[in-house]
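Per-chain residue numbering starts at 1, and chain names A, B, C and D are given in the order in which the chains are listed.
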Amino acid sequence: MPSSDDSSGELTSGTRRAAAQPPRASGPPEAGPDPVHQQSQEALHEAEEAVVAGGIGARFRALLGLDSPDFSWTKVLAKQGILLAFVIAMVGFSLASDRFLSFDNFSSVLRQSSIIGIMALGVTIVVISGNLDLSVGSMLSFATILVVDLHDKIGPAPAMAVALVAALACGAINGTLVGVLRLNSLIVTLGMLSAIQGFTLIYSGGQNADITNQSDTWFAFFGRGEIAGIAVPILLFLGLAIILEWVLHGTTFGRRIFAIGSKASAAEYSGINRVKTVFFSYLISAFCVWCAAVVMGSRVMGSQNTVGKGYELLVLAAIIVGGASLLGGSGKISKTVIGVLLLGFIQNGLLLLGFSYWTQWLVTWVVIIVAVWLDVGARRGRLLSPYA
Amino acid sequence: MDKFKSFFLEQPIWAFLIAITVFFSLFAPNFFDIQNFENILIQASTLGIIALGMTLVMINGNIDLSVGAILAFCAVVMVDAQSWPIFAQLGDWAILGAFFMAILAGMALGGLNGFLVWKTGVNAFIVTLGAMIGIRGLVFVYTQEQSLFAMNFLFSDIGMSSVPLGPLAVPTIAILFLVLVALVHLLLTRTVHGRNTFAVGGNPEAAVNAGIRVGPHMFVNYLILGGLTGLAGVTLSSQMGAATPNLGRDYELWVITGVVLGGTKLAGGYGSILRSFAGILSIAILRNGMNMMQVQAFYVYVILGGILIAVLILDKQLSSRKVRLSEQV
Amino acid sequence: MIQPAEPSKTPVLSVEGVSKSFPGVKALDGVSFEVRPGEVMALVGENGAGKSTLMKVIDGIYQPEEGSVSIGGETVALQSPQDAKRRGIAMIHQELSLVEDLSVAENLFLGELPRKSLGRVDWKKLYADSRRLLDRLNCQFSPRALIRNLTVAHKQLVEIARALVYETRVVIFDEPTTSLTDRERLLLFEIIRDLRSQGVGIVYISHKMDEIFELSDRITVLRDGTPQGVLETAETDEDSVVERMIGRKVSHAARTDFRSGEDVVLQVSDLWSRGAFREVSFELRSGEILGFYGLIGSGRTEILEAIFGLRKCYRGEIRVAGERLDKHNPEEAIARGIALIPEDRKENGLALSLACDRNLGMTVMNQWGNLAHPSREKRLFEEYREKLSIKAPGPSYPVDNLSGGNQQKVVIGKWLATEPRILLVDEPTRGIDVGSKAQIHQLLRDLAAEGYAIIVVSSEMPEIIRVSDRVLSLYEGRIVSELVGEEISEESVGRAITGVGELASTAHDSNTSPES
Amino acid sequence: QEDEVITIGITQNNVGIDSYQTTYEQAFIEAANNNPEVEAIVLDAQGDVEKQINQMRDLIQQDVDAIIIWPTQGKAVVPVVRQAERAGIPVIVTNSQIAEEGQQFIASFSGPDNITQGIYSAEIMCDRFTEMGIEDEAVIVQIAGMPGYTTAIERAQGFEERLPEVCPNVELIETQPGDWNREKSQTVMETFLTKYDDIDGVYSGDDNMGVGALNAAKAAGRADEIIFVGATNFAVGYEAMGRGEYWGSIYQSPVEDARNALRTAVAVVKGEDVPKSNYFDTPKITQENMDQYTKPVF
């Protein structure tokens, strides 16, 4: 077998390409010119398999891509940039503030992030399917007002049920407009943002809602309870994340979501029911909003008509920082979780350091752009855009 | 007749505009009145001036979510710069100096967005979503949360002034708005830059191959949008004689809504200034008419949201009908 | 064949030792290449051999890492296509590169619109120049027409006209005929010969050997980014070119194995669809390959889409094994054993950003219930990598990175995975090299032998002839003739189209109401 | 005719953002309905200055007899108020003042005095500390309203100016906005609690945010050591006071606010003599005197 180095310029026998290449054990990163695309890729694949068979260390290196024959730091950044940013932020804040690195602070940040986080999980699925959901903020206000207002009137369980039905109804409207009628999701959910806000105000007459007897209702469990020392909102957030990660990667529904987001027409030609799938993605988003509303209502034990105002953008920012493409077809629940936590810890860290709230906005600006830039830059193999 | 029909099929926004005008004329007292139409023009002008630039950027296939924040920043600069020491000895001319500073600030921020879109290749939605959050931060850093007031009443007098045109006194801002509509319309339809805007949005690869420098081209459109947003900041602050750090919240959403109502494709490559104008005018008329009819605030949200979706559905129906008509064997 | 003008010896374009890499691929490795004025230089090679990349280097889109490009004997460092254009290099891309919502004239002078003061467009000059260009190519349509409203062939003509904007020394055609009908192709060849006689150097890239031999003076062969020598067309033959290209022989044994099929599995009766076709009736039997031949726009794709439930019909019915289809959606079609391999692979065939195994699993997923089965997907991948010899490194490799031919095989694989009885294949080898093409043809024959019922739509006559047992010719959305078995030949198929075509076109004119 | 109806247009700040504004609107409409002389045109600017300016213009266009404005922004509405004045329509400012420069154009101001409210809150806080004997060592934090809005700014200003006068040794260690949002305020308070081991008092821009802060402190088990003082007593705040968890606030009735505005407007139209600043009383309310007040309806 000719080695990859000396065969390049020569007119070699036709069997060369068809024959299997010997796996390259673990060559140095840049092992000379490699004329055949498949070859290096095959080697990469083989290397991957070899590593999976190895121990924890090897696995870790494989995760970071350190073992691949065409290793480069840009690739590491591409794959794990957000994780790196997260680690850097954590280390930085720990050094700068002695209050930062504590169990109490961590659990309080996690608890605070869980509402945005739970919403972001659902919207991630919508985004992977190639759509947007800007109505989640208004929907959160609506569901929270409902659950809090009805809590005293009809009891916690029926209140939660009614709020669930209302949220799902909103999701169904979104799903119908985007899925069945195929309208542009940005504009549709923008319209719904406004309309649901209106419904909320009409329902509540503009009044705040409060739960009178805050101390002895089991409803307090969702926002204030703990299981084994961990706050329930955090458990809900992580639990939902695990479930939705499984939905995305372990079910055919998840496969359909990715297929539609990657190329809707190809998915339809493959017999995937686009209408149904998109419809369900909005239902999932609405369901997550309902969960967030329950946590919110229970945590605050009251609600305003505008509690969720602007949350849609925070949610979107977290998802974007997590690296999902707004064009659809890519994204990961786990990365969205990290995106949410990164923004949560930045907010917390800056507050602990005593910065003004607007610093947080400036930092968010920089983080969003740098995170996404590194991500797309690494994916295309160079930092600057091809339009330069 | 056929021409008529196909015109409205292709550009349903005009039909919509006429429909709501007729509706409010019939049902809203004081609506059908020259002076009220002048009012509507002024009310449309802030969103409208931004929408002109937004149309260019959206035909390019991009978007800008940060216009509301840029508007606030420019308005703040406009008001604050009048009292800068360097303009102190200029007297009333300080307003002109501040005007240039405001436009410059708008172009700088718009340009920054454009530059990032050009150089990083990050999706414009993301770049400007970040900017929307960050530039609002800049506004608060600048103002330290305070509102600013222009000491010189001349400034707000300019904003409130009218130009006598025959028997009518037409508000200066309305005239400025209409002139800008005409100018940007000509820019888009008659100039090389304008035509290239369609090429860049419609088929970026073809544009690159044809030697259009796509990145700088997008940059220029962001610059124009920034400048126009700055101008909108100036006209808005001159109506108030003041600027507040929360100015322009949600404006990006309404501007984009107006432009989309006007038929501009979010994917780029297709759109028109005149129709964006009609889109923005529709929003202004709806708001004005509902004020006149005293529709309760809570219902206004629902109605505006509902109409946005309804128009989208209508547009879809019409365009599929158009396809069916042209497909007839 | 027109005798070419005696080409002068100094090349108008020459490339010396050019190399160009993409991450993980060396697309070009020390390639030298030249074109003389007044000659047609064909460039051939497998999918992914580097042809388009070489042309993009010449066109200034890519800058080479090594080597040089010289035009008219002068070494140049081209920075952009515009640069190339000014120096007399014009390129007609593999994919149409037009802006749909601009006029013909604006597209012709894209990036070069004539200016007046204040950056205004000089419309008068623009339209006058455009008219002149279009006239040179005998184009009837107006320079003011929107590209969106033109037919594919007219769009192609606009592309070509665009190449003539400048004093052109070299015109590069990258697979120009993939979306043209025979008639349009002949027109194109006329234009090319005309250019050649004016002393322009032509580079012609194609996977169609008959075209290469009909048109070219010399042939450059490329394989895996390395040059395999230059051949005089007159002194070589198809087999040796192909052998050089892919390193082995491809046999074209004459067809003897026509099959007549067994049970009727698909019955289409009196099917009408708005704006596409009418009165379509035919039967398809298991074990036969039915070819649909016709001009572009004759409605073949639409018939397949209708059968597959992607298109509404307002009259007629479709029966599979005697039972009516009534839901008219792809799910139903798939459940009843129909598979459609679509014409546009990138648009309808594949989710490019997803991995190979995910694409393969996309169609069968509906049978799996609610849980995904990654291991089954991997098995599918291994199975079809074996069966179709797909060159892909692993199941999780994104299809985006595969070459065109291998992508097509993934599409075929994902449909075979549904274990269909009826296979609808639309332009199965568009843009695919000779080697893979022969493989795909063989595969279709094999599948038919296994009892599949297959419909093949193709605009390439040789392809139709090579695979079909029966050929239906379409014109303007109607079936105009049927040829069975031995009757099928270039002449008979061609006659069916043109003969009826002229007849029908007069009838059609009177049919068309002004409402459209 | 003499008994012709008086048309009064009102443009409010942001109905629905909190119960106060909503109750105000309801009270206003009720008061107008009960007064046969008055026909009211009720508009809401949804917190947007430009929208408010446009609504002012629309009201001027409709040539109403008087305009009541609840400024979204004290400075930005001055020119349009001036425009109304020039059109001969008297303008009554309600709830929060407009800027100095605009004073000359308004017929009257009717409402509470936000700066005074801030001052009162500082005094409540200081008095309580003095009672407890920690007036020389106490440290407090502030949770302010939505950044950039007049009410938020004025309350903070009154508080921050008054506190050092009455309790020079009490230290205000940090201020962050709570956006009039209970959940936001809860989050901010949680971070304060992590950051500072010792917090003796929390001043929040309204009771809604104050209860959010209280929630956070309760969850952290530190509610007992903290004095909570708010402004605009809400029902939740009143109840928390009743439970002894929340110390004091400012009693401000939106119903009174609305009625006062309407009364003032009618008086202006009828040409009666109206004081330029028609404040209504917003007394201090604490656990000690709360039984003198009824629970707020919002």
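A few remarks follow.
Here is the rule we go by: a residue touches a chain if its C-beta (ideal position, glycine included) is under 8 Å from a C-beta of that chain, and two chains touch if they have at least 3 such contacts.
Treat the numbers as computed from the prediction; the structure is a model and nothing was measured.
Set against one another, A-C and A-D show the most C-beta pairs in contact at A-C.
Look at where the CA atoms of chain A average out and do the same for chain D: the two points lie 39 Å apart.
If you average the CA atoms of chain C and of chain D, the two centres end up 71 Å from each other. Chain A and chain B have CA centres that are 32 Å apart. Residues of chain B in contact with two or more other chains: 140, 208, 297-298, 300. Under the contact definition stated at the top, the residues of chain A that touch 2 or more other chains are 201, 206, 357. Taken residue by residue, chain C touches two or more other chains at no position, since every residue touches fewer. Remark: the chains found to touch one another pair up as A-B, A-C, A-D, B-C, B-D. Residue ranges of chain A in contact with chain C, taken from their complex: 8-11, 13-17, 33-38, 40-42, 44-45, 48, 70, 249-256, 258-259, 262-263, 265-273, 329-330, 381.
For chain C in complex with chain B, the residues that touch the partner chain are 59, 61, 80-83, 85, 91, 93, 97-102, 106, 110-113, 115, 118-121, 274-276, 278, 477, 511-513, 515-516.
Chain B meets chain D in the complex at residues 29-30, 33, 35-36, 39, 42-43, 46, 140, 143, 145-149, 156, 159-160, 236, 239-250, 287-288, 291-292, 294, 296-298, 300.
On the chain A side of its complex with chain B, the touching residues are 177, 181-184, 186-188, 190-199, 201-202, 206, 313, 316-317, 320, 325-327, 356-362, 364-366, 368-369, 372-373, 376-377, 380, 383-388. Touching chain A in their complex are the following residues of chain B: 116, 118-123, 125-127, 129-138, 140-141, 208, 213-215, 218, 253, 256-257, 260, 266, 297-309, 312-313, 316.
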